[in-house]
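What follows are several structures.
Next come two complexes built around chain A: one with chain B, the other with chain C.
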Partner chain A sequence: MELKFKYIKGDRVIWMVTFLLAILSILTVYSSIATLAYKYKSGNTIFYLLKHVFILGIGFGMMAVVQNIKYKYFSRLSQLALFIAIPLLLLTLFTGANINEASRWLVIPIINQTFQTSDLAKLALIMYLARVLAKKQDVITDFKEAYLPLIIPVVAVCALILPANFSTAAMLFAISLFIMFIGRVPMKFILATIGLGIVGILLVFAIASVSPKLFPRFATWKKRIESFEKGESESNYQAEQAKIAIAGGGIKGKGPGKSTQRNFLPHPYSDFIFAIIVEEYGTIGALVVIFLYLVLLFRGVRIASRAERTFGSLLAIGLTFSIAFQAFINMGVAVGVFPVTGQPLPLVSMGGTSIWFTCITIGVVLSVSNTGLLKSNPKKASAK
Partner chain B sequence: MKDLRKNILSRIYVTYLFVVVFALVVLGQLINVQYVQGSELVKKSKQLTLQYKNIPAVRGNIYSANYNLLATSIPIYELRFDAAAEAITDEIFNKNIDSVAIGLASVFKDKSPAQYKSELQRARRKKSRYHLIKRNVKYTQLKKVKELPLFRKGRYKSGLIIERQNKRVKPFNILAARTIGYKRENVMPVGIEGAYDKELSGIDGKRLMQKMAGGIWVPVNDKNEIEPIDGSDVVSTIDVNLQDVAENALMKQLQMHESDHGCVILMEVKTGDVKAIANLQRQKNGSYYESYNYAIGESTEPGSTFKLPALMAALEDGYVDLNDIVDTKGGKVKYYDRTMYDSHIGGYGKITVKHAFEVSSNVGLSTIITNAYAKNPQQFVDRLNKMNLGQPLGIELAGEGKPLIKSPSDKSWSGTTLPWMSIGYEVRLTPLQILAFYNAVANDGKMVRPRFAKAIAANGEVIRELPTVVLNPSIASKETIKKAKEMLEGVVENGTAKNLKNSVFKIAGKTGTAQIANDKYGYKYKSKVSYQASFVGYFPADNPMYSCIVVVNAPSKNVYYGNLVAGPIFKEVADKVYAYAFSLHPEVKEKEKPELPVSAEGYSDDLVTVYNALDIPIEDKSNNYDWVNTVKQQNQIVLQKHLVAPIYVPDVRGMSAKDALYLLENKGIDVEVKGIGYVKKQSVTPGTLVAKTDKIILELGI
Partner chain C sequence: MKHLEDRKYIIGAIFVVFALIFIIRLFYIQILSDEYAIFSEDNVVREETVYPPRGLIYDRKNKLLVYNEASYDLMVVPKQVKSIDTNAFCALLDITKDDFIERMNKAKEYSFYKPSIFEKEISAIEFASIQEKLFAYDGFFIQTRTLRKYSDSIAAHVLGYIGEVTPKTLEKDSFYTMGDYIGKSGLELQYEKLLRGKKGKRYVLVDVHNRIKGKYKNGEKDISPQAGKNLQITLDADLQKYAEKLMRKKLGSVVAIEPKTGEILTMVSSPGYNPNLLIGRAIKKNYPKLAKDSLHPLFNRAIMSLYPPGSIFKLVQSAIALQEGVITPNTGFACNKSLVGCHNHPYARNVREAVKMSCNPYYYQVFKRLIQRGENKNIFIDSRIGLAKWHDAVLKFGLGHKLGIDIPGEKSGFIPDVAFYDRWYGEKRWAFSTIYSLSIGQGEIGVVPVQMANLAVIMANRGYYYTPHFIKQIEQLDTIPQKYTFKHSTGVDAQNFEYIIEGMEAVVNEAGGTARRAKIDSITVCGKTGTAQNPHGEDHSVFIAFAPKENPQIAVAVFVENSGFGGTWAAPIASLIIEKYLTGKISNPQKEKRILEADLIPKSEHAQRK
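Right after this comes the complex of A and B.
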């Protein structure tokens, strides 16, 4: 037993949840990459399967490493990460690989791996918020002392992500607000920030309709929102195909690898992977997935409640919340609660950066559970 | 500190609760999609993803009697372009657009490269996923298009969409086009295509297909769910050579007389096989085209050709005999308020019945018939009906015109009906129906149904014969038939069709000239009345092989008599058919050796080939010299050396123009040729130095 759990430290339930999600990811991605495989690799699905397993393996390695880092270091690291992330975001915005007019990726030289900078920025920002909130608890009601140092990085990061990726920017903004709420920022500031956010978005739309070049993705956003309201056009086609997939699943699903809708859904291995999960594994599969993310968040809550310091608390809840929140947005898009956005299902969707940063995120949470829990809880301490 | 912790914890629980609610909303919508909207969505998806696709059966061919292809299906392609295909980036598009446009322009040669380029660019701008590049693309063109840059990468990487269709083609073009017919969507199929549609069509197969990524349909199973059964072939009775003869002869006369339309049917007497059926109608621009099957569809008042059945009725009923005398009076006779005239002004006086028929005397014929049947016209009508004249032939082809034989009980029957019926008015028949009647006479009374197809075949083997149908084993007694034949021969020997007489074989037939009040077309053609000139008959008269009818409507040049307008067509067809059908010739007697032909002088190999082909004995005394003279001896031709020296002008007299030109122009001499035949004179004396000769004039003659 000792050997077996040599690398598995921290919260075992989180490890378990992560492992189950990874298994589900391998099954579903393998089933849904046929289109991609036929398009680029003349039908070689094994290539994609191996690549995906490899990425997951590295992700788990990262998790195992990160969980050992003393969580206190993340306070400093978050500052560093943010200072790296902001210039990278700028770089991406102006030179990034352009896919569907969305500059979201940077190509890392040498290993030639595309890298979505917003994933790094997201992790950095949440950790940074936890740091600032923890530090400013005594003066948390002060506008100048507490609110400004919090809101400036949030606005900066979101503004830099927004031109290329509206939904990530909006999501990150919302997550930030929730973390600020947990960190006891007064409601009047939060409400004001929401107001500010709305004004900001309206401003962006106004600018975009005057000079569309500044926001090349504006047309897509507008179309998606309009079609979500009216129920038409291409993105509605996607939504409808996703619904067909979900409806086709029934209670037990069609079985692994038996999806037919994967041929109609764009990005069935990423944006719409939840639809494929439901099609193949039915309502039962959907319940399991929803349950797993809720468990993940619940473990985050538990760790937060037992953390020895406010920073650890905020780190654990903020990061697990960001994963669960994104997961439910992805599922919400698939079932038609939200307009079509490109948010992957954390840990399940195919995609290098997304998986790795999710793994690092979980690694940080594990590190809190590993190195930052109250000593007064003998049970937890012994489990360690 | 504890308060702070508690405060943060409670806020964490609120957040958790929020996420749980969020999860429940997602779950609720999931259940809504699955179980409320579910069944409808699944139904929709089935239609989208799984479909039984038709696999069209290949339509059978139509062959002529001697297995020439009259109608067949060939694949043609429609090319489209998916301008919004995912794989085409702007870079790829812009890089290849010029070479693709140039390529398309050079393959199709219908638009300039710039036009193709701007069309493709427009499609790209509009994100058209189904831009039409070109219809009716042949396979050879398709192959070239598939080799163009970009397009050679295939459907997904280039956006080139190829759709295969079948096109029906008639290799002989307008030849018998209307009788071969066509099948189009939403139009009743006509001709043989229509009559044998069931056999030709075959049965479409079905295959369960599933839609895959990118809109491609892939079969679900290895085998087709229902295999298509290809259509059978139809072997028609049409003989392409005879058809060609008929159509050309008709065309020539129609053009000469600027007629409105005309038709020719050639039928084999014993079998009823329609060997040729030509229909031509004048188009607005003065050309002629097959646009309506008059031969089987247009029923008109036949005029004088109906005098045969009328007189046969009287002969059959015993009212009259060929040598009885009939008084044609002064060429006119009055029935009630209407006067009937003979076309020969002044009439023929007292003549035999046979001669009255031969000269086609209206007065004579109507007198015979009214004398016989005035008291009991029903008997006349019954007799005509017994000879199958009142009912349609029931041919396989759609659109047969209905015949009309009035009955005394009809409202339209009047006192003048009987006399006018006897000369072919107040009755209606189609050309094919009249021909079938004359054919029955030629066939010793046995009336057969005209046949357009003789067999159904598959893979080159006959699978079903289509036998000749006998409509009436005997339309009249042997006596009457014999008399009818005698009269028909008389028409050509001493009557209205003397111009058809020839010394080689005998033709029997009857002319017809009808005035037409054509209620179908309503108008009078140019002048006051329109005419229909016809000739119907058979040949050789003593052993009938073929029957034939020619009908020309509305000849406009004031020449409208049957013998003058329709007769020459009949004669040309008969001559050519006779020449073509070897079985009609009397055998060449063995003893009469043909005379050795006069032969030209010229190139040795060519001449030897010709003589060998004709089995003419030759003796070559030229020592294999290229150029020879020919000398006719008693039993053979002798080839002698014909010296051609390089520096002298050769003697080309007696050579064909081809050989002479070859020899002279090879020496660099300019040649001018006058007339046709062999070289009779050459302007430069043989033996003159070539160097001194620039030009030579050759006069040809036979």
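Right after this comes the complex of A and C.
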């Protein structure tokens, strides 16, 4: 038994959740990949299945490696990561691969793999915030000493992501605020930031409507928000098709691989994967998925409570929060509670960068739990 | 990390709330609302247009003239066409493979997802065999349409035809969609809005194999079509058919009107065409043929051809002159052939005899008195005053302007006025001597046949007419358009007409009359011949008449191109029509036979056609 868990350290529940999500991911991606397979690989779905399994495998490998790193090193690493991420974001913005008029991807030379830089930036920023918050706990109410060092990287990173990917920028901004909130930043600063954020967004919209070239995605944002506000279901093909998928699933679902809406939904393997899950596995499947992400979040809170240092605590809660938050955004879009955005369902949606960075994120959380457990559970430590 | 305790649970709570919202939302979509469930099962709701039956047209005796016959369009949705046996399919439709590819490309060009017409107007018999095998061809389905049919194949110019709506009309009128039919001429065009009805919509659920699974939402969104309104028209189908028969192998037109109402009983333009040539698919083949024909069968001479009226115009001259008091019923003029040519006949002692013998010099004198009344010493100015008065009086006879009949394309004809001659000759550079040809209906005067028939109506009614029209009754409506019940007066007293009518009676019934061939033993026909000079060939023959003399039931104008003197051909044709209408039979089969056998189409035209 012990041998079996040789590589599985830290919180076993999180491991379990991750594993279940990965299984679900393989099943659903394989079911919904057909259109893509026919478009690019003349119907070779196996190619995509293997690629996806391979990516998940690498991801789990990364997770297993990262969890062994003592989390105190992430403090320094986060600084480094942020310094790498910001130039990369700039590079992406100006030279990135353009998919649907959004420059979100960098093509990594040699292995020729597209890479969404915002995923790296997101992880780097959250870890960096945890670092600064931990360091400034004593002067946390001071505007100049604590607030500015926190908010400047947040604004910088979000501003660089925003032109190509509004929803990720907004989401990262919200996550940053939540982490600052947990890190005891005074409410007046947070509320003021929210206010400024809204003003900033309005400003962006104003600029975009005057010179649309600066924000090529502006038309899409506007349309999505407007059609969501008006409840114009007809104008919003994707949301409509997602609802049809959900309605078709019923309580028990149509069964694995039985989705029909996968042929009508754009990106059934990423943005709208939750709709396919509901169609195939029904409300029961949906409840399980929601439950898994909630478990992940609450384990994160638990780990945070047990962590011996503020940095670890903030890391655990901030990172699990970011995963759950993104998952809820994705599910909310599928059920029509939020406007259409392109957020993948963490760990479940197909896509290399997203899966890998989610795995690394979980690895970091596990590392925190690992350290915490070693302290609080000496029995286990000795058993090793 | 105690200091974090207070805040982190808030976040947990928020997530739980959102989880609950999602679950409620799922519950709503799946169970409370059935809007999406239908789609998830069948995936396609197809909107089908339900075409209303076009209004039918009946004649005055309620005989069906125009009706609808079912036809079927084969529709295709290119996106749904998958791996079909093209060869078998082509054989089924009797088309070539190239046809198939071409039509598919055309359909794809229009839309991959929307149905477009693959094969039009499949007959009921063809449909039966296609229907049986259609299930094997995904993406194809049948849409039922109706074809217009014209019973007896008569009155093509009056009834008109329908054809596919043009892109121009599509832009202007949102009622139509591509491929719809619309009235193109005649009554079909005039009463399009009444005849077309209102289109309906039907929503059906279709599965992936294009099989209809049933109504969408139990048909609650369906809109049932409203049938077009049926029309009863004034035409007498039997008379129309007979008149067309008489006019065969002749160029010209026949118009018969019921004087008391202005109802048009018959309108023939010869040569005509079979209205059933211009229906559905056949129109593409037949229309160009008809349009190219040198005898212009598509052209409705009865309302579109301008002719000089010739001697029938003497009736108008007589009436105006009597009313203006420039002559009395007993004014006589010598037949002075130095003024204007005439045939040999006795001296016309009064209006009656002038009409009877159609004396040209007589009307030269009459017209001179009308134009040069001595109101000014300068004959040029005097002529201007006279012509202006004459022009106004003539217009009241329904000449020189459109009558306003209810088929499109009517020409107004032309009655010259002061301005016209001023432009032509210069101001004060013309007088009676310049324009005297008008006195006998020649010169710069133009009248369309329907106006000639209306002139016969005015004679029959002794001075008034109703705008000639075809509409008799519109389904569910009590009235016909007001302009067809308005009485137009000529401003000439009824008494003055009596003298002229005496003459018209003599034309037909007395020795020395110009239209003895129009005589019917049992009926008193009153008529007037005319010969319109034709610079291009043989003169045109014209005859207008009404009968019986007292309480007239029918007024008719017959115009036969290139047939010479009015009494020879036009008069007997008119009399046959009158007799047929009033008695239902022909007492003189010899007269009928002569007309039926006559070929009055000029030989040059015959040669040209070959």
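In this text, the second predicted complex is superposed on the first by the 367 of 384 C-alpha atoms of A that agree within 3 Å, B and C clash if a C-alpha of one lies under 4 Å from a C-alpha of the other, contacts with A are read in each partner's own complex, and residues count from 1 in each chain.
In the analysis below, a residue touches a chain if its C-beta (ideal position, glycine included) is under 8 Å from a C-beta of that chain, and two chains touch if they have at least 3 such contacts.
These numbers were taken from a predicted model, which means no experiment stands behind them.
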item	value
Clash or fit (per the criteria above) of chain B with chain C on chain A	clash
Which of chain B and chain C A:182 touches, first, second, both or neither	both
Which of chain B and chain C A:288 touches, first, second, both or neither	neither
Which of chain B and chain C A:331 touches, first, second, both or neither	both
Which of chain B and chain C A:243 touches, first, second, both or neither	both
Which of chain B and chain C A:16 touches, first, second, both or neither	neither
Which superposed partner A:260 touches (first chain B, second chain C, both, neither)	both
Which superposed partner A:174 touches (first chain B, second chain C, both, neither)	neither
Superposition clash, chain B against chain C - the stretch among 91-99, 109-117 or 199-207 that is involved	199-207
Doubly contacted residues of chain A, that is, touched by chain B and again by chain C	137, 178, 181-182, 184, 240, 243-244, 246-250, 260-261, 264, 278, 283, 286-287, 290, 294, 297-298, 301, 304-305, 310, 313-314, 317, 321, 324, 328, 331-332, 335-337
Of chain B, residues touching chain A in the complex	4-5, 7-9, 11-16, 18-20, 22-23, 25-27, 29-34, 37-39, 41-42, 44-45, 48-49, 86-87, 156, 210-214
Contact set on chain A toward chain C in their complex	137, 178, 181-182, 184, 240, 243-251, 260-261, 264, 278-279, 283, 286-287, 290, 294, 297-298, 301, 304-305, 307, 309-310, 313-314, 317, 321, 324, 328, 331-332, 335-337
Complex contacts: residues of chain A adjacent to chain B	34-35, 38-39, 137, 178, 181-184, 240, 243-244, 246-250, 260-261, 263-264, 278, 283, 286-287, 290, 293-294, 297-298, 301, 304-305, 310, 313-314, 317, 321, 324-325, 328, 331-332, 335-337
Residue numbers on chain C that touch chain A, as the complex places them	1, 3-5, 7-9, 11-12, 15-16, 18-19, 21-23, 25-27, 29-30, 33, 35-37, 39-41, 43
